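Let me begin by handing over the structure; questions about it come next.
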C-alpha cells in the first residue's frame, strides 16, 4: 500500500481532522461525523445535505460552503453514511424551510438516506425532499435493476441547487432544479488502473497496463467491459459516443466536466479535454462552461470520467452564481 | 503505461490545446508554446513570467491570470522550456514596466531563462529581473553545488509577487518581495511511488510498496534516502523536522502547503494536513493560512510535499489579495 | 429460545462475520466495492455493544430490535439498513413473548424477509441476500410444518440459506452494486447471500440443532 | 575540414545520439530525470534541419553557430544551452576560415569547453559533461602537440572523452540534477558525459581518424 495514513480503519476520521484544521469556514463534528457550513442553520434557507462513501474527495466535503452544500456526511471509504450521521446533518442545517437530500443512486446511499429522512420527518418534524442522482450511462436503466449510478452529475446538482437555495427559493423549487440538472446530465467513465481501499489493503481488481475498463463507477469497481487500452482519442470518443447515444447532444449548450479519477495527472486530463472539445465542436455541440480536474474521484484510480449537462439559460445563470467552498470557488 | 494520451511526444501540445479550450481567459499560443493572460500586456504593470518542464500541473499554466502570472512557458515533460519560448512570453507581457522571471532552481531552467533574459535585454530592450526559487531543504545548499531545488515555494512566490505587481508596484519591489517569499519558505517531499514520463514509457525508478523515498524533488527523481514506508505521522514529522531544522519555525505565523504529488488521494492529503497542523501547534507555530491539494505535482507520483512560509503582515495581505487563475481563485 | 439465547445468536453471528470478514470482503471486491466484511464486522460489533447495554430481564423482541438499531446506525452500505431492518422487523413480530417457540420464530423470520424485500425491492433471482434468506425461511417453515423442533428447523434454515446462496453464483445481478457489472456479475457468489448463511448458521449453532 | 565536413559531423552526431537515445535516457533516469536522450534527439534533429537551411558556400564557423543556435532553441534542459553554447563558441572561434586545420579546430574545441564551464559553472570532478569534454580537449591538444594530423587527433579526443566519461562513474555529482542525490549519485555514468563521447566519436567518424 502506497498510502499516507496512520490507521487504515481511522482514515476518514483522521482526514476530517485535517479538513477541520484547513478550513475554518467549515464546522466539522467528529463525533457525529458531519461537515457543516459555519453559518448553518440559516433561517428560511433550504438546507442542502449530501454524502456518501469517502474516497471521492473533494466530493462531498469539499463542496460545503456558500452557494453549494450546507452539510456533508462522509461515510467510511466507499461505504454510505449511516442514518444517524445523515439525521444529525439534516437537523444541523434545517432553518425551517426544509432540507434537500442529494443522494447518489447506490443502494446503500439510497437506503440509509431513506431511513434518515423517515427519522427526520417522524421524530424531528423536518420536511425533507430527496433527489436521487443517476447519470451514468454505462449502466442500463430499468425498474427491474438498481438503476444508473450517480457520478459526475452530483457536482452539477450540488452547485446549481445550492445557488438556487442561496437565493431563498422554497424546497420544491430547489428539489425541482436538482432533478432537472440530473435529468439533463449524462456521464461515462474509464479506468486505467484500480485503486486500493485502505482497510482492504489490496487493489479492488487486477488490470494489466495494456488494458482498460470501460463504463466504471466511482468505487474502484471494474467496469462493464475490459478492452485493450486506447489512446486519448479512443477513450474520449467512447465516453462521448455513449453519452450522445443516450441523450443526443447536437444543438445543445452544455456544461462539460472532464474529471480525473484521482491518479491521472492534470496534464492528461487537459489532453482529454482537448479531444472532448474537438469532438463536441464536430458534433454541433456548444460548450458554454467547462471544468477540468479531479472533482469526483475514486481514490488513486487512474482514468477519467466525462459528464455533460444540457444547460438552459437559468441553469447557466445558477452555475455562474458565486460559490465559496474548499474545492469550487468563484465570484467571492 | 496507464496514460490518457495520443502521441507520447506531443502530449504537451495536446494538453495546451485542451487548456486553451477550457480557459477562454487565457491566450494559448501553440506555435510559440506559451500561455498568456488574455489582457496582457498591461501598460505600466510589471509582467510575471514563469515556466519549467511540464508534468507539474497546475504549476505553472494553471496559475496564469489576474493577481498571479502574466505568462507561463511550459517545456516538454520535466524538461525546461527553451529560450525562444521564454523570450516570446517576456515580449508578450512587457507593458513597459519590465518583466520578472520566476525560475525554479534547476540547471536547465536557470540556463534557459538566463539566455532568454540576455536576448530580451540585448535584442528587445526589455528590462528583466530574475528570482531563482530554491526552497527544498532535502538538498544541501552550497556554492559548490547546483544548490537547492525549487518546489512548493514557487506557488507562494507567484501568488504574492503577482499580487504586488497587480497593485502597480515597480519591478525592483516585485522582485524583492519574490525573493523575500523564497527566503522565508522551506519545503520537503516524500514519494511513495515513481511516475512515468510519457515519452520514456517506463517508471523513473523502482520502489517496492513497502518502501518510500525521502527528500524527493518534483521530477520523478529518487530522493536522498530510501527507507521503510512510514505512517502519515512519520512522513509528516520527517518533513516538518527537516524544515524546522533548516529554518526554525517556533513563534512564526505561517502559510502552509500540504501538496499532493499527483497520485495521492485528497483524502490522504487531508490526513497529512491533520498531522501537520498538530505538529505545528505542538511546536509553537501558528498557521495563518493553508492550502491542501495537488498544486505542484510530479505526474502521477504518490506522495506529498510540505512547504512552510514564515509570513509577515505584508506577505499575508498579498496572499489574501484577489486571484483568478484556473487553479487558484478567490476574491473575484 | 429466551432473551439470552437471542443475545447469544447475535454474539455468535458477530463472531462468524468477523472471522469471515476477509472472505466476505473478497467476494464483494469481485462484483461490488470490497467492503462487505468490513461493514458487517463494524455493524455486528456495534450490535454486541448494544446488547451489553440492555437491561436485565429484557425480551427476545427487544434484543433483536436493539441489535437491529445498532446495525442500522453503524454499518452503512446496503447491508446495514437491510440487516438492521430485518432484525427490527423480526423483533417487532416477536412482541413481548418471553420465550418464543419454533412457530413464533418462523413468523419472525418471514417478517425479516418481508422487511428486506420491501426496503430493498429485490426479489428471488436478483442475486442478493434475499436469495439466501428466502431459501432459509422456506426451509425453516417446511421443517416446522414437518414437525421439527426449533433446533432442527434452525439447522434446516442454515442449510437452506447455503443452498440459496450457492444458487446466486450463476445469476446475473439485478440489484445492488453487482448489477452495474451486468453479465460480468455471473459466476460469482453474492457477498450478502454469503453473510446471510453465516447469520443462519449462528442461529443453528446457538440452538444446537443437528443437520 | 571544410564546411560540409563540419555539417557531416553534426549529422553524424545527430545519428549517434538518436540511435543511443534510449541508453542516454536510461542513464539520466538513474540519477537525473530521464530525458537526456529525448532532449538531444530533439535538439540535434533541429540542428540538422537548420543545416539544410544554410546557404551554399557557407563557412565551418557558420555551420557550428547555426547548429548551436538550433540546439539552444529546441533542446531545453541543461544540456541544450550547454551544448548549444559549446557549438556557438567553437563556431565563433573558427571565424571566417574556409578550412580550419588541426590547430584551429583545437582552439575551437577549447573555446567550446570554456563556454560550457562559464555557463554551467562546473569544473572537472563535478560529474558532468565537463569531465568528458575536458579530457577530450586535452587528449586532442596532446595529439596535435605530438605531431598528429586532424583525423588522428579527433580519434584521440574520442578516446579521451570516453576515459573522461568513465571517470565520472565513482564521482559524487556536484552540478546538475544528479547532485540532488548526493552520495547516491556515485556508481553511475553521467549521461551528459556519455553523450559528449558520442559527439567526439562523430567527429572521429567523419574525419576517418584511426585509433
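Here are a few things to note about the model shown:
In this document, chain identifiers A, B, C and D correspond to the written order of the chains, with residue numbering beginning at 1 in each.
Convention: contacts are C-beta pairs under 8 Å (C-beta built on N, C-alpha and C of every residue); 3 or more make two chains touch, one makes a residue touch a chain.
Predicted model, so just to flag it, every value in this text is computed and none were measured.
The chains that touch chain A as well as chain B do not exist here; no chain meets both. Taking the mean of C-alpha positions as each chain's centre, the chain lying farthest from the centre of chain C is D. With centres set at the average Cα position, the gap from chain B to chain D is 32 Å. Chain geometry summary: the mean Cα position of chain A and that of chain D are 54 Å apart.
Among the residues of chain C, none is in touch with two or more other chains.
Within chain B, residues 77 each touch two or more of the remaining chains. Taken chain by chain, the contacts run in an open path, each chain touching the next and the two ends left apart. Looking at which chains touch one another, you get A-B, A-C, B-D.
Here chain B touches chain A in the complex through residues 1-6, 11-12, 14-22, 54-55, 57-58, 62, 77, 192-193, 195, 209, 229, 231-233, 235, 258, 262-277, 287, 290, 292, 294, 297, 299-300, 302-304, 324, 329-332, going by the rule given at the top.
On chain A, the positions that touch chain C within their shared complex are 9, 53, 75-84, 106-108, 111-112, 114-115, 138-140, 144-146, 149, 197, 199-200, 204-205, 217, 219-222, 224-225. Contact residues of chain C toward chain A in the complex are 25, 29, 32-35, 38-39, 42, 72-82, 119-120, 174-177, 179-182, 184.
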